[in-house]
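Data block below; observations after.
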Amino acid sequence: MSTQLRGSILPKWFAAALAMLSIGAALLIENTTNVSGIGGTTALAVVLYLVLQTAWSFTVEGRRHAVDRLFATLIYSSFVAAALPLATLIWQVVHKGIAQFNANFLSHSMRSVSPSKPGGGIYHALLGTLEQVGIATLIAVPIGILTAIYLVEYSRGGRLGKWISFFVDVMTGVPSIVAGLFIYTAFILTFGMERSGFAASLSLTILMMPVIVRATEEMLKIVPADLREASLALGIPQWKTILRIVLPTAIGGIITGVMLSVARVAGETAPLLLTTFLSQSINSNPFAGPQAAIPTFIWDQISSATPASLDRAWAGALTLILLIMIFYGTAKLIARYYAPKA
Amino acid sequence: MNQGLSDPRSSISGSAVRRGDQIFRLITVGSGILILALMTSIGIFLTWKAIPSFSHNSSNFFTESKWFPDQSTPIFGIAALAFGTFVAALIAMILAVPTGIGTALFITYYAPKKIAGAMAFFIDLLAAVPSIIFGLWGLQFLMPHMQGVAAWLDRYLGFIPIFQNRSDLYTKSLLIAGVVLAIMILPTISAISREVFNQVPRNHVEAALALGATRWEMVRMAVLPFGRPGIISASMLGLGRALGETIAVALILSAVFEVNIHISEPGGNTFAANIALKWNEAGPNGLSALIASGLVLFLITLAVNSIARGIIARRKDFSGA
Amino acid sequence: MAKRIDVNNLNAYYGTFRAVADVSLTIEPRSVTAFIGPSGCGKSTVLRSLNRMHEVIPGARIEGSVALDGEDIYGDGVDPVNVRRTIGMVFQRPNPFPTMSIQENVLAGIKLDSGRKSKDELSEIVERSLRGANLWNEVKDRLDRPGAGLSGGQQQRLCIARAIAVQPDVLLMDEPCSALDPISTIAIEDLIHELKNEYTIVIVTHNMQQAARVSSSTAFFNLAATGEPGRLVEINPTDQVFSAPREKATEDYISGRFG
């Protein structure tokens, strides 16, 4: 009976040893046959590892431990499989983007630069993106926050509130190109507005609003009810209570949510393609004429498909990533600044 | 409608206070109604502007795969678009759902607690990468690296028609688009699954372990059954995103209007990519036809997202009880 | 079946915090041993060390040895999965698996075993375990209904049935009645009386009357101050602990002067 507790367990070095063995065998097979490339070898090594481990563990440790090890390996590999694309993507954007990324790139437009020649820059697109996203934020933030206030402070599960809530949820899943289509059909086809940076802003507004409503709602919900009651008990009217007590308490989280929505729409391409024309020149007026943006700049450079324009596309991608990181970083800082001091 | 705290007070307080409350309340209701109106008008405007193309179409909109809406006798339909959209999304789901669940399990139950937070942050970063950059990366980096895989599938699994490649070209295919989509929807699936896995009651996990379950048996006994509704709605939300993704797919596919089951051959097209690619060259009827295809996409994603939200909402009721 | 447990110089840690210091005690087979003491004295931690459940908390570990009939459960080559199979556990809050029926809950541990069992064998195990947990008559007509639909006391007996279905040698109970009403508590206590004929039972309880009612030996744990590790003050036959405790601290605690 005393052997009951003792399982035959494979030693700790087993996994490392088997991994070496698998890689060695994979390299050997690669040399003798024509499975090629680092991807092929890696895949082969992983499959070998899984098969050997399962077989070995099954004979020594039994079925249950073999299955346990098999799934542990699969779960670890799924994380690697998820992280690998991101790692290569970051590496590629930095590695290929840095070639063209300089002060000249940031301070010049593409005006009279031939697509096949190096040079030119992203200034006109950076300006366009900042203006378009800025206008979108100015429109989306008040509507989004006020809607969230209605949902949390006034509606309290009323029928209208439920409908708004449902549509806001569904709206978060609307493809961005549909937002572009909507602005095009409603404002350009129906009301005769021209394609412009402002039309692009409106399509971004559609994408931002649900994110802001949701983020604000979450933040307002966690404001303690006693705070509201304390203020109301002092005879302060409800609207002043909301504006002076509730909103300031939640403001850190709300601003963070706004920044995250800004970061999300700053990289949107599809709606801009429908609502504004591409431009190679600086246009600081979002209400008239074609206006560039960073995502459409990248799109344009990829479409030109010359070595010089692809370099510019990667530099544009690096610019866009940096811009988004600035938005995220700001969001983090704001969140930390307003975080409850405990 | 408002049984809020202002009512009992209104009889005592001055009318100025009451007016302030009423005005503010009206402003917030107005914002809410504006959002509601915007959302419902998406469907209305798209339908309205799509209708003209239907009357000019000399073919069946749903079964035709050609796309010549600006000819003197317009012929166009969404068969090829629908096929490409669903195949690309299906490939994405097959790859991303198990990987996303695996990643979520890794972060919640397998990784050392100290690094799990950093790992979760790393995966969430994927969600912050704009689709244009995924497209650029897919075109310039992934596509050359995927050729070997596609060729291997053709060579050893080519007897299955979908893996067969008759062209010796392995680029610009639905397969590659599907892989890029998988990477793009993975953070969505992983983040929501992670959230539900974290909510699995500690005492269920311990009950399983105390019965002598291995770690995987514990996951199967306590974690996965509890997380199933969350996994399903996470997958549906991922599916919604995959169906509607535009730019990355538009950059990768070489748009072709035919139904081709050989997924590693160049070709394929999706609703969203087609709109982006054809928009600036379309005439009046062409625009209307594109809007019609956009309406179909809108309705499909609406249905998928509503189902996902419905499952989440039901789950909220359940755990609240 | 029932086995003896020897704890030798047990120290239990959560990260760098030592929660339990230098515990040595012996638990006799076919007896009920109660662990009592104030909150934070480490009695639950000691209990969870007895079937290696302590280490499933991230950062938790132990030093010292715990032997089951002379075999160290922390020894080299010992599989924690086998340890937990041999030493079953019942928790403070009833925790039947919510997605499983009553029958599936009872069989949850059995299903892990290699080798298929016939339908008859399985239903026999279900009946034996539920009878063993005094639950059979109440649920025999609704075995395929969800286990979560039972009352709190029934759920706890279902968890006991689930634990004894795999025929362990020892049964650990971590405050099994603290979430239950008085009638359910009596049902569980009656059950413990019957179970001790077959199993070695260790029960952690906050309730001193309960310790006096169900146990044959009682171990009193205490801690000098918050932040200090818990220690074993004494372990003796229950009558003696409650009538003539050896230590002053035990007497103070039992007579309600603190804790």
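What to note about this one:
As written, the chains take the letters A, B and C, and residue 1 is the first residue of each chain.
Please note the rule applied: a contact is a pair of C-beta atoms (placed from the backbone, for glycine too) under 8 Å apart; a residue touches a chain by one contact, two chains touch by 3 or more.
In this text the structure is predicted, and so the values were computed from the model without any measurement.
Chain pair with the larger contact count among A-C and A-B is A-B, by C-beta pairs in contact. The chain with its C-alpha centre at the largest distance from the centre of chain B is C.
With centres defined as mean CA coordinates, chain C is found 48 Å away from chain A.
Chain A and chain B, compared by their mean Cα positions, are separated by 13 Å. Contact of a single residue of chain B with at least two other chains is seen at positions 214, 217. Touching of two or more other chains is recorded for residues 64-65 of chain A. For chain C, the set of residues that touch two or more other chains comprises 81-83, 86, 112.
Residues 1-2, 4-9, 62-65 of chain A are the ones that touch chain C when the two sit in their complex. Listed in rising order, the residues of chain C touching chain A in the complex are 68-71, 73, 75, 77-79, 81-83, 86, 112, 114. By the touch rule above, chain B contacts chain A in their complex via residues 1-6, 9, 13, 17-18, 20-21, 23-25, 27-36, 38-42, 45-46, 48-49, 98-103, 105-107, 110-111, 119, 122-123, 125-126, 128-137, 139-142, 145, 148-149, 152, 183, 186, 190, 214-217, 219, 237, 240-241, 243-247, 251, 272, 275-276, 279-280, 290-291, 294, 297-298, 301-302, 304-306, 308-309. Interface residues of chain B facing chain C in the complex, by the touch rule stated above, are 112-113, 201, 203-214, 217, 221-222, 225-226, 228. Every residue of chain A that touches chain B in the complex is listed here, in rising order: 35-37, 39-40, 64-65, 67-68, 71-72, 74-79, 81-83, 85-86, 88-89, 92-93, 96, 142-144, 146-147, 149-151, 153-156, 158, 160-161, 163-164, 166-178, 181-182, 184-186, 189-190, 206, 209-210, 213, 228-229, 232, 235, 237-240, 242-243, 263-264, 266-270, 273-274, 295, 298-299, 302, 310, 313-314, 317, 320-321, 324, 328.
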